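Next come two complexes, and both contain chain A; in the first it sits with chain B, in the second with chain C.
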Partner chain A sequence: MALGKKKEERVKPSYMKLTPKTVLLYVAIILFCVIVISPLVIVFSSSLRTPGNQTSPLALFIEFSGASYAKAFNSMNYPMELINSFVTTAGSVLCIVIFATMAAYPIGRIKTKLARFLYFFFISGLIIPSQMVIVPIAQTLNRLGIPNTRFTPMIMFITCSLPFSVFLFSGFMKGLPVEIEEAAYIDGASLGKRFTTVVFPLLQPAIISCVITQGLWIWNDYFYPMVFISKKAQYSLPVGMLQFLGDKENPAQWNVLFAACVLCALPLIVVFLALQKQFVNGIAAGAVKG
Partner chain B sequence: MAQQTRKKRKGGNSSLIFSNKMYVFLIPALAMFLVFWIYPVLQLFYYSITNFNGINYNFDFVGLKNYQKVLSNGTLTNSLKNTMIYAVFTVTLSNILGMAVAMALNTKIRLKGLFRTCAYFPALFSAIVVGFIWSYVYMPGSGMIANLLSNIGMNGAAFNPLGNFRTALYAIAIVEVWKGFGTTMIIYLAGLQTVDESILEAGQIDGCTEWQLISKIKLPLISSTVTINVILSVIAGLKAFDYSFIMTNGGPGKSTKTLMFQVYETAFTDLKMGRASAFSVMAFAFIIVITVLMLLYLNKREVEL
Partner chain C sequence: MRAAAFPVSIMKKINWKNELAYLWINYKWFLLAGLMVSAAVVYFLLAALTQKETAISVMLIDCHAAVSQETMDRDYLEAAELDPKSFQAEILTGLMFSGTDSGTYTMTSLSRFMSDIGNESLDVAGMREEDFLKYAGSGTWADLAALPGSENLLKAPDSLLMKDGKTIGIYADALPMLRHYGCYEDPDTRGVLGVIYNSRRKDEALRYLDFLSSMPDS
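Then we have the complex of A and B:
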């Protein structure tokens, strides 16, 4: 797998010759990218100003100061929120991978009506927006005596990710050859052993895809923390941003607001730039394989 | 044991390796799914005939009053209409944009990686950050677009898409497209890369125009990718909540109140959990009908192509 990729990179692709048609293509795509990216560039340039700098944000990079960042950092309680975000996302994704691969094993392997029914049973969860069930979900948590802690949203993150993850893993599982498992069975491996040592490692591409797609929405979600968490110390990064809700139409606060936006998005940007290839392949594989 | 033999006779699971013992692996996922998903969905029906307010558990049963109220006060039809417009607009635009960019990037173009990153980048941001950024972009007077318009001598002060009940819904739908089309594009790009180069060459030799290559060869070959992308964006579109909540708060008037926003507002702002549940039940029925119809149609089309 890794070897194949390296080979691909070594072969220099032959680029298109510059004809009027290709120039037009370049112009179109550059223009398009500029339009898409321009709000982000303006936000980044404004965030580098001092909070009091009221010049139009359209004048790009006229001042470089960390003052807005310092202000946003302090009012957000950034380190705490970062840790909360990290713990809830990592914990949820870990549980999802374990639960969903386990559930996909019988669903992908057993060929009976029951297994087929269970497959559609899980997938049905994809159709209904879970936020719509928020009233009884809140009551269910209440009745089960589950307190509102920073970990409560994890329950919903895991539950809501199950339909897609089971769909992804069982689809991937159907493409795996059964011969290896048959060999393991003949060698006397137990069911649990077969799952952990044979099947789970083979699922690796799907696991990467699951971690990226589910991790992305969980990291960015503010809805469940907003409903379930009431203490500020337990906020994750996106919920913490809600305190700036009143500032968005106040130009005097923009520099600090934009600094907060950059701080909120920064961890994911760093991860994305470091693992770009896995990101792109993972997102595509999640949709195409499933 | 008796159960197992009966199943075998029925032609059920008779595999030695993949025995019914495997169903044990389902327990954690199934337990979570049943307790935190299926059970609440069923409870929705129960709450929908009460006047529960979220705090006081001594609520009364009010029969179908909630349903009548939701239907008669027009919130359901209004938010259904808004959600449909929003979904159709975002699905169409993000799929057209995503496919166009994917086709452009699937040529032998330089800096492909950079362009791809640019197009995908907005997808990394949390909806709340995106909502803040676009509140600035749309801001009348000093916002990005208004400022640009003023700079080129047009009337920037009159530009206020979020303040007009005719344009607000489309304005927030564009935000959704901005954030979402990059993901769609990446999926199309992966689909296009599976198209065999030799088929395209054969088409070129037979004298296909560029447009014929796209519509007669590429599109039919990636029809399953189109299906999955349309399904994913319809699911996202029907969940519309974020930008109504962050950018417009449902306004102006009720022009950006979507199904999800209406449920949230009825439940947590008006504290009418019973009515919100009745609302959800009816919205569900609608979403399920739409999705099933769409799946049937897309499946049929895929076979035809």
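Then we have the complex of A and C:
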């Protein structure tokens, strides 16, 4: 450092300056994180207890045992239910993405009354919850001869997800530049080629949003599996967990139920960890585009 | 361009392996999606064609059975001398209307109950007496006395639930097999079983109630 010259003062960013406002903000954020994370910690801590341990769940990590996990794993027939859940979720999400993008493409591009009508036709599916019309839906499936199998709920998941997914994709489609498709058209690309090679890759952020939202809902849902499935061997994971819910005669086995919750969430956590880079890139790309 | 414009060495390389590789590189996602859709269609077709005939469909709501559904299915098929390879019994014991704090679970159980009645696929239902009487107002239960073959069940009047001159149900504590399964043991309320009004298998429903009124082997 040359003599006579002052050290350059480093200017702190505004968020690093400890003003009362910043301190209050940090305290609020930490409090919010504690409120959100504490139930997860309690669930995980309780799942590590033996099934008969009835001490307060707020006493965290007082015991480390895999007995609850073993009981949940065996009682639920976990491997079969995991396969059922995985195939149902993956198959439904794949069909939703394919059908919704193909439906949203003309809705987002064609400026006619028919396209507008189709848009509102799909959106109208959001108004009425499917639980209200489950009786006629069940009658329709029965009269169509569709058997009640472990994958029958897929039909309901796909149809109930289409309104929101079409809404999501058509909105995103309208933001995509038409010039890219026009350039592909000039180069001789057919409609199918334009959709698959030009439009579909550009929909990646919306596809990832759809996969995350619908995939999570389908994985955690037990309404349709309970309505359409009768055999225990065909249950999905959420339905299998219900056997640990109790009543006044047979109190709930909370530790086993919490272990079952962790086992049910584990595949999603693994998938997210494996694909988090793609998820974050997709969401970030969408944010930049927006 | 004409094939003759290409050198022979290149033409020799266009074989089925290269064509498959081309298809895979350019159309793999379509192929995979098509495979999955085809697999799903074939699965549903096979399931429809190989489906066993349902001998009886029963819902025991809020029953808290001590045995599994599979045990109850098997016991009935054995007692009715039905071949398990051709017939199946659907006896659901996991549904709850009351006795659970989960409103969603109650709503789902109710939806399952209503959709099976709407489908005309439910034959016998059991629930707590207070819930049973709620559904009696909408004509859910068939008059047991009017069903041919119900004489055996009507022998003990104390075990029957009457409403408006009709015999709509039979109490669970008068059914030894149900007690053997550990069902409806709550001392605060009684369980009642009835035949659904639009059941297509009323004779089978009566046979099931006869089975429940028989003494267990052990």
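The criterion applied here is as follows: the second predicted complex is superposed on the first by the 247 of 290 C-alpha atoms of A that agree within 3 Å, B and C clash if a C-alpha of one lies under 4 Å from a C-alpha of the other, contacts with A are read in each partner's own complex, and residues count from 1 in each chain.
Here is the rule we use: contacts are C-beta pairs under 8 Å (C-beta built on N, C-alpha and C of every residue); 3 or more make two chains touch, one makes a residue touch a chain.
Not measured: the values here are computed from a predicted model.
Bringing the complexes onto one copy of chain A puts chain B in a clash with chain C. By the touch criterion defined above, A:L245 reaches both chain B and chain C.
In the superposition on chain A, contact is made by A:F223 with both chain B and chain C.
When the two complexes are overlaid on their common chain A, residue A:P147 makes contact with chain C while staying clear of chain B. Contacts of A:G91 after superposition: chain C is touched, whereas chain B is not reached. In the superposition on chain A, contact of A:L202 is made with neither chain B nor chain C.
Once chain A of one complex is fitted onto chain A of the other, the partner contacts of A:I134 extend to both chain B and chain C.
Within the superposed three-chain model, A:L176 lies out of touch with both chain B and chain C [touch as defined at top]. Among the candidate segments 27-35, 63-71, 81-89 or 117-125, the part of chain C whose C-alpha atoms clash with chain B in the superposed model is 117-125. Overlaid on A, the two complexes show chain B and chain C touching the same residues of chain A, namely 98, 131, 134-139, 222-223, 227, 242, 245, 248-249.
Contact residues of chain B toward chain A in the complex are 7, 12-13, 15-26, 28-30, 32-33, 35-37, 39-41, 43-44, 47, 54, 101, 104-105, 107-110, 113, 115-129, 131-137, 139, 142, 144, 147-148, 151, 178, 183, 186-187, 189-191, 194, 225, 228-229, 232, 235, 238-239, 241, 246-247, 259-260, 263-264, 267-268, 273, 276-277, 280, 283-284, 287-288, 291.
Across the interface of their complex, chain C is touched by residues 91, 94-95, 98, 131, 134-139, 142, 145-147, 149, 151, 154, 196, 222-223, 226-227, 230, 232, 242-243, 245-250 of chain A.
Here chain A touches chain B in the complex through residues 13-16, 22, 25-26, 28-30, 32-33, 36-40, 42-43, 56-58, 98-100, 102-103, 105-107, 109-115, 118, 121-122, 125-140, 144, 155-156, 158-159, 162, 166, 178, 181-182, 185, 191, 195, 216, 219-223, 227, 237-238, 241-242, 244-245, 248-249, 251, 254, 257-258, 261, 264-265, 268-269, 272, 276, 280, 283-285, 287-288, 290, going by the rule given at the top.
Within the complex, the chain C residues that touch chain A are 30, 33, 36-37, 40, 43-44, 47-48, 51, 62, 64, 68-70, 90, 92, 94, 96, 99-100, 102, 104-105, 107-109, 111-112, 114-116, 118-119, 121, 185-186.
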